[in-house]
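Presented sequentially are two complexes of chain A, the first with chain B as partner and the second with chain C.
So, the complex of A and B:
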């Protein structure tokens, strides 16, 4: 039974690894003509490295902005009851359900008017609403288990709001914060359509480069770039894996308080 | 310390969503109704929608998208439940299995799609193994799983990504809250199957519902995966909309927006339906706990 699980995971990644080490792999050979040509090409081509840096820059910016902009809303949704809460929850959820294609064409028109079409800023702005649901939902669920009394205690002891935020609130929800940022980063990292239409010629992220390569028929290089593409997010997953346990998410960092 | 007003706390996020998401959707609506039209002889009205809703290609695309989304979500739910039920016991190799379970989540959809492409096309890896084993005699004997009419390759891609996503939600529930209720049921004499259907499943339902709505919505409206693995006909709705959007004929523009807005409408209906269902389930849960 678990074997099927492993099979599914292996099926996802092994073909890509194998094919990246091939020069030509014609049917019906079971093994390719091994070669590092694809990897040579990748590391010598500036375009791929630049695309990697662009992707990191865009996704980091998106994650940062989404976190800063969504934090207070998540706290309000998790710790307070108010009229219209359901409407707010639905509104926040909307960008996770409505697909990119529905919004991007309208975005293109509006961004052209605002003159941020084809800019780095435009791409970042375009991706922020799509990361918001995951950031807010992730943080809000941690805030549900959060006791506002910690903050009241801190304020009684004389802590300023800023200090309370840094030394009480953030540590308490830290695991959820890490997981939400991870999710938002991954959502932004994999964006293709948005970057294609909004960024167009100016911003070239890895997905754009990858799609071009996948269509080119030269699978060796496409596979090598695919591995470069998924390595950063896998590294992030491993780094944050201790926060992904169910205990971590529901209890937060309260134990450390 | 005076507490911040709630609306102030909600403001940044709501503002962002309003300006960067709702406004584009509204703009899309206006453009589909032919406001701001460049060509002079079009009038404001629902002409684009009439054209779109009566066109055969739209209807085929709608059914195609619906089929892909439903099948992949349903299969993923089944697999997620089965795998999570297995993983919650302390079986050997469990830690590695848990890690493997989460492995697919950060891998982007179209990378998985690419992998499926490498494996399951008629000249793909699986076909070569079958050929080497003598099971098939040539590449064209291998069934057409990619670029086909049913979107099989697309469905497989989605299932590979969806079942860990739903499964993690189910597993975390199984490992934490559900255990007590299940034990109670066991002490009351319920056997395995009864415990599953009367205790476990109802308690898992909200989490399953929530995560599978996200999956269904993604499968329905995604562009990247069907672009890589789909055939030229039928296209999924997202592909159809994009095709109209980039059409040289500017008269297709309103139709592109119309298609996109139909997708939006379906999604909004889905969200509202899901929310009413979830609140109903919550009410039942509250009743049950008393």
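So, the complex of A and C:
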């Protein structure tokens, strides 16, 4: 079943792969005119490789910061009841509902004041709120099924708070953590507008390169870059696929009782 | 020096959920098993969690070996706790669960393995070390949970209703295992339960908690012979409470006059508590006349409600002779199962007395060793309960 799903996902990429090896692919030919020019361009041009590295760096940093910041918020939302909880949840979800463009101009102004406009840090900071909804809601649903008494049991057995976190809490919600991180990474990975406006020309990620190439009209190169764009996400997806079942997300791996 | 001592320990949070502890004092000697017994919501689990350091106390103190541990975090108290839910870490094997505390203490892997294997043998789960916790039955899980708490050799082992999720046979086995492990590890145990029978079987001393207060702290036998208050008596199966007047060591009520060798002074008005097993049938020339009002057959015994001297008594007799409703018989009482208690809040609304019973005059006679009064003044039966 899972293999079929993979096949279906890969099938959608086939035309893009074919395009990337073509010189020209016009009606009525069934197959394109073969050429390696697009891939030559990609590997000769430093810009694409630099963009790949930038993308990996930005998205990894965003995922890491979002995870650290979102973990405690998710734990509170998942395990506690407090006044104004619904308001907090809505606020957390807001970046996923409101389009980035309505926020980014204001952010740009603030980031200029903070002197992190056109920097790597600026881009990462700008993207964090947009990763938060996926991180917090993913983890909170796992924490809803998590019994806080596990931590109490661990502490009476001599585990400090840090040891409890590492040895008990994180393993208990690990599947949800993996999935939430994956979502956050993917959201950050495809982020265009924020990187463009906050990063200026200093941070050049793959989506920026891709948009530029799409505009240029050379579909061969655009498709080659698209493949480079898709590949890391696909690898992550395959690596985390065993946690991607509904069971893994909702139960956070705590499957007893 | 007392080993573990609670001094005016107080916790006030949500009193509506019964999570209050009202300044309790408790002294536990080394190696003792003390059972905190009480109805659900009386604050016993909160007390246990305060000792473990999982719930901060509002005031009072906890001394372990003479030193206050109130400021210590749970992991530094030398106290481990076994919960009602087994709380085995689902991502670890059975052996990893048992060895968790040792690992936290930084013991060497080889040492941990040795101790864990020894422990597995003691809890009769040899060869289960590599299993996942989800592959265990409820009883096995609870044994692992107990082993996990004991292996770190805590000064005090706290058990929070660890048997309540198990069936009767497993409970018995677990009780035996707890006794056995206690001897072996020479550990002091505080055991929380709402099950009176369990408490009696396990305890060296029972602290009965009602509404956040310890109402009696005594050896188990005392609760069956010398309950202090009416609610204590009710909790331990005393079913009949007759309003009475105390004069020194004499207690006077509608059933006659009772003499006790030692009796606390309770300002005059007391309840005379009578166990259901205290009465037996006797000839018409002795005892008190009683009429059967209702009966319930229980197999080896029959539970009757009888009208006697203008009051109702719940009496349990053996089933060798069955009585019919309306039968009039004579009862004599064993005074070892009669005791005067202080009146306090009534736990069980069933025990509210019925007042409109016909008094049968002229039959007031009690078996020895009580003094017999030929003329019994009927007491008021409509005294409002406190």
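Please note the rule applied: the second predicted complex is superposed on the first by the 237 of 257 C-alpha atoms of A that agree within 3 Å, B and C clash if a C-alpha of one lies under 4 Å from a C-alpha of the other, contacts with A are read in each partner's own complex, and residues count from 1 in each chain.
The definition used in the following text is that a contact is a pair of C-beta atoms (placed from the backbone, for glycine too) under 8 Å apart; a residue touches a chain by one contact, two chains touch by 3 or more.
Computed from a predicted structure; not experimentally measured.
Asks: Is A:155 in contact with chain B, with chain C, with both, or with neither (first, second, both, neither)?
Replies: A:155 sits against chain B and chain C alike.
Asks: Return the chain, chain B or chain C, that is in touch with more residues of chain A.
Replies: Ranking chain B and chain C by residues of chain A touched puts B first.
Asks: Given the touch rule stated above, what does A:147 touch, chain B (first), chain C (second), both, or neither?
Replies: After superposing on A, A:147 lies in contact with chain C but is clear of chain B.
Asks: Looking at A:124, would you say it contacts chain B, chain C, both, or neither? Reply first, second, both or neither.
Replies: In the superposition, A:124 contacts neither chain B nor chain C.
Asks: With both complexes overlaid on chain A, does A:173 touch chain B (first), chain C (second), both or neither?
Replies: Neither partner.
Asks: Classify the contacts of A:82 with the two partner chains as first (chain B alone), second (chain C alone), both, or neither.
Replies: In the superposition, A:82 touches chain B alone.
Asks: Shared contact residues on chain A for chain B and chain C?
Replies: On chain A, the residues that contact chain B in one structure and chain C in the other are 152, 155.
Asks: Residue numbers of chain A touching chain B in their complex, please.
Replies: Against chain B, chain A makes touches at 1-2, 4-6, 8-9, 11-13, 15-16, 19, 27-30, 68-70, 72-77, 80, 82, 86, 88-107, 109-110, 125-126, 128-129, 132, 136, 151-152, 155, 161, 182, 186, 189-190, 192-193, 207, 210-211, 214, 219, 222-223, 226, 229-230, 233-234, 236-237, 241, 244, 246, 249-250.
Asks: Along chain B, where are the residues that touch chain A in the complex?
Replies: 1, 4, 6, 8-14, 16-17, 20-21, 23-28, 31, 82-83, 86-87, 91, 93, 97, 99-112, 114-119, 123, 125, 127-129, 131-132, 139, 160, 163, 171-172, 175-176, 213-214, 217-218, 220-224, 227-228, 237-238, 241-242, 245, 256-257, 260-261, 263-264, 267-268, 270-272, 275, 279
Asks: Touching chain A in the complex: which residues of chain C?
Replies: Per the touch definition, chain C meets chain A at residues 49, 52-54, 73-75, 77, 79-81, 83, 85, 87-91, 100-101, 104-105, 133-134, 148-149, 152, 158.
Asks: For the complex, give me every residue of chain A touching chain C.
Replies: My answer: residues 147, 149-150, 152-160, 163, 167-168, 171-172, 174, 253-257.
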